[in-house]
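So, here's a batch of structures to check.
Heads up, the next two complexes both have subunit A, just with different partners, subunit B and then subunit C.
Coming up: the complex of A and B.
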């Protein structure tokens, strides 16, 4: 067999091996995407869900012209950025601070991961009880110690409460990744820096953090995606909020789909979100490739 | 060997138990997590004890949050997962295309009366059996109101507060005689931040969450001032003095601190928790709350101390929102004959007696209600209030009625939370409703 025949045969084998997964993904992701594209350019509700009427790009225009679409996008952006910044910062601080302890007793990590194991919807329900003025633990003790407790869910405070609840649940995720990244830093590098007279702070700033930078960036990116598309805990905790104050993009799409029964608008909004995500993804990739070339 | 036989017999018994459930051919989707669920379970138990195996029913329940959204999706998809499903007066228009009209037994008229049967009708057809009637009571602390009426020092303070906060001197009255000003004055009196001697922290607890059901609670206020969704010609009439003053009433109470700070996220459960803790003196709430609030195991702080009155009167009279919950037939059901047997049985006096004694709130004829008066005194009032004060907004059963409630919830809660002016909220609501309710 010649080399080119061999390469061709290897290629055919490769295609055959990935074909089942590709077909599965096409069916699972591709078919819904095609249906979404059709729905996004149709007049469709529950009554004619199997017989959408094509209507052009009116749904896209409606979503773009809707003030609430942009308000939801802004809420999701702020929430995503703030929550992921908080989670990564706390996760990083804990990864470094707890490194000696976790190094000796790695089983402690399983306990620290527990908040992540709780379904987000349940977390929302849980905090609805914990923060309730009359039956909640937090207001009871705040009232006892300080004579008052804040209105956790008022329009002024709801956003901050949601960010804190989200961060409390997902900081362990950041901790897990950053702890692994911190533990992977070679001791030789630290010892060499120490021998050169670098103190703990300089070793952290000039050795540890630069080496961990890719892990920090990836963790932030993953948490941002997750927080941006938040639904469960916000919906169960405060719903869409008074006047739509806590309406995230996911809640906006949910409301348009189920409450208003405007399926075309809901799908168009989600397609706009998908498009926006691709733009950001390409921008990040381009910036990363440019930095690598430099 | 004997032991093995016993063990096998035990397994067989367990299997039979499971099989009797597995033989249940009719699946009923009910309203979850409250007295309605408890009552339906008892009724289903009683029905299954006598029904043929092929007619037995099994119950399923969605989550309360998003219930109607999930039901809409399932019905639109032609789901066969349930044969009988929950229906509500305000949602019949939405679900009627996916359900079959039914013909209840002739005796149903004697059990429920025409008005109550009409809560499950749409386009002149019957779509369900009305298992529960929902309306609102003004709940109040009998002990505190009694003291207010009898204590001269409290009366004097009440007059001072009403003059200072409302610009007029009012005297305490029995809740059965309240108008909205009396309620406001009472709520302010029992608010600790206004009256440091108040035994309760708050005078009332308002349900101001952005939620369609909260609009139904609030509507009594607007209606009693003469408000309606549309006039006879179909013109939207929410941008009106009646709606305006009803909205302002809630806003004044919330801004004055008469309702808990987190009221903008409160609905049924949170409001009950607040009132049940003994820290709110009054509450406009669904009738279904009475059973739990008056239960000394569940709410010892207030059980036995609760009074109920109809919502206060406005310039146009005294009104309470009314709607029915019921069970109807899924068009996609593959067990229609058996399902209809259950629905017909449920429409009978015996079934409704079981349902009511287990916590449900059916609006029954006077004779049936009298039989249960000792166990369920609230059902007597339910029937009376439904007849005397019940109303449905013009357009309240339209195909897009749910969307109208959602729109009002969003706009009006924006005003209450201070995010929008009342003019903007009313204008946006008017515009949205004109679109939703256009013929």
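Coming up: the complex of A and C.
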């Protein structure tokens, strides 16, 4: 067999290996994407689901003119930013402060990772019980100790409640990544700095944190992307309650389709969300490439 | 002396963090062991008269509250979804790494998929399922769970296969093994650790999936993540909080136990791709 023949058969075999996955993705992502695009520029309802009439950009105009669309986008953005900021700060503080304990005992880490094993939807339901004004354990103790307990789901407080719920569940994720990043810093670097007379605090600020900066940034972006598309815990804990103050982007699309039956609006909002995701992805990849060059 | 004080403080912070972050499960577990009367009389974390009545009550419930049905649906759909994801991703990862096909476009595409909210595809998938009679079936749910898990599986497998020594595969080729036999008898056995870790992780993520379970099922294939919320719908005499708590503990137990016992294997995989991106 000649070399070029061998290469060709290697490629042919490679295509055979990736074919099943590619076909699967074409069916469950490619085809839906085409449907999304077509429906988003069509007048379509359940009665003409197979024969949508092309109608231009009316669905997009409707979404963009909808105040609830923007309030959902604003909710998701604020929620994503605040929750990931909290998770990264808390995770970083814990990773560094608890490093001497966690380094030697992996079972301690296993306990701290447990929250990630619980379905976010169930966590939402559990907090429904915990925060319930009559049978909830949180109002009970707040009443006992402070003589008062806040309305967790009022228009003003629902957002804060949800951010705390999300952060408590996903701080472990930040902790896990940042713990490995911190443990990976070589002892030599720290010892050299200590010999030069740098105190613990200076070593943290001038050595540890700069070395960990890429890991911190990656953790933040992963958590942001995940929290931005939040659905499960918000839906099970408050639904679109609190006067619509807790409608995330995902919940907006879900409701446009399942509650209002407005297919055109739902798919147009989906496409806008996809566009937004691309912008974020490009920004992250661009920042990553820049950081790699620097 | 200050060192010991600092160590004590560390243990204290660890205990506080572990308690706060695991609080939902701890508190729900406590509630599940209380009688209905005690729950409304005293919501504290102290149990005056522990009882298994709530757990007993669950298994006596039927129809819309048949917990075994929900657990069974979750088990079947999650197992199928995880196995599908591995069967699709493993050969593909091998083809990408060793045959260098699709590494430039398919791999980044799938990896970035994790950053795209899947709800974007949910509506066409719903309509497609309606036409294919896949709505409210375990198979339909399993296919979606496979889609959810494929990115992680692909990243984990591609990384693991790239680290395998080429010599063994070359030796097997010289002995006349074709690619299919090579994959099954040489590459897969060498990758057993990562396959096991991926299966466990994919199973946990599948078990915990909610959005598609909510949209694509109504009763026959409802997974437990969705079914658990039925117990919160006040019917007749209001929500039976003790029963609801017990349901949530049962629904949470499988992934929780898997995570606790398998932590050493899955811990590193959970953040895979996070650092390499």
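Basically, the second predicted complex is superposed on the first by the 249 of 294 C-alpha atoms of A that agree within 3 Å, B and C clash if a C-alpha of one lies under 4 Å from a C-alpha of the other, contacts with A are read in each partner's own complex, and residues count from 1 in each chain.
Everything that follows uses one rule, which is that a residue touches a chain if its C-beta (ideal position, glycine included) is under 8 Å from a C-beta of that chain, and two chains touch if they have at least 3 such contacts.
Note that the coordinates shown come from a computational prediction; the quantities given were computed from them, not determined experimentally.
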Next item on the list: Considering only the touch criterion stated at the top, classify A:152 as touching first (subunit B), second (subunit C), both, or neither.
Entry: first
Next item on the list: Have a look at where A:186 lands relative to subunit B and subunit C in the superposition and call it first, second, both or neither.
Entry: neither
Next item on the list: Kindly classify A:274 by the partners it touches after superposition: subunit B alone (first), subunit C alone (second), both, or neither?
Entry: second
Note to self: Applying the document's definition of touch, where does A:21 land relative to subunit B and subunit C: first, second, both, or neither?
What the structure shows: second
Next item on the list: Using the touch definition from the top, say if A:55 reaches subunit B (first), subunit C (second), both or neither.
Entry: neither
Check: After superposition on the shared chain, which partner residues are touched by A:134: those of subunit B (first), subunit C (second), both, or neither?
Finding: both
Notebook entry, point to check: Should A:236 be classified as contacting the first partner (subunit B), the second (subunit C), both, or neither?
Noted result: both
Check: After lining up the shared chain so the two structures overlap, which partner does A:111 touch, if you call subunit B first and subunit C second: first, second, both or neither?
Finding: second
Notebook entry, point to check: Which of the two partners, first being subunit B and second being subunit C, lies in contact with A:259: first, second, both, or neither?
Noted result: first
Check: Is it subunit B or subunit C that touches the larger share of residues in subunit A?
Finding: C
Next item on the list: Could you give the residue numbers on subunit A that contact subunit B in one complex and subunit C in the other?
Entry: 49, 128, 132, 134-135, 235-236, 254, 258
Item checked: Touch list for subunit A against partner subunit C, complex -> 10-11, 13-18, 20-22, 24-25, 28-29, 31-33, 35-36, 39, 49, 94, 97-98, 100-101, 106-123, 125-130, 132, 134-137, 139-141, 168-169, 171-173, 176-177, 180-181, 215, 218-219, 222, 225, 228-229, 231-232, 235-236, 249-250, 253-254, 257-258, 263, 266-267, 270-271, 273-274, 277, 280-281, 284, 288
Margin query: Using the touch definition from the top, list the residues of subunit A that touch subunit B in their complex.
Written below: 46-47, 49, 128, 132-135, 150-155, 158, 235-236, 238-245, 254-255, 258-261
Next item on the list: Give every residue of subunit C touching subunit A within the complex, in rising order.
Entry: 7, 10-11, 13-14, 17-18, 20-25, 27-28, 30-31, 39-40, 42-45, 87-89, 91-92, 94-96, 98-102, 106, 110, 112-117, 119-128, 143-144, 146-147, 150, 154, 179, 204, 207-211, 214-215, 225-226, 228-229, 232, 241, 244-245, 248, 251-252, 255-256, 258-260, 263-264, 267-268, 270-271, 274-275, 277
Note to self: Which stretch or stretches of subunit B touch subunit A in the complex?
What the structure shows: 65-66, 69, 72-73, 75-77, 94, 97, 208-211, 260-262, 264-265, 270, 273-274, 277, 279, 400, 402-403, 406, 410-411, 413-420
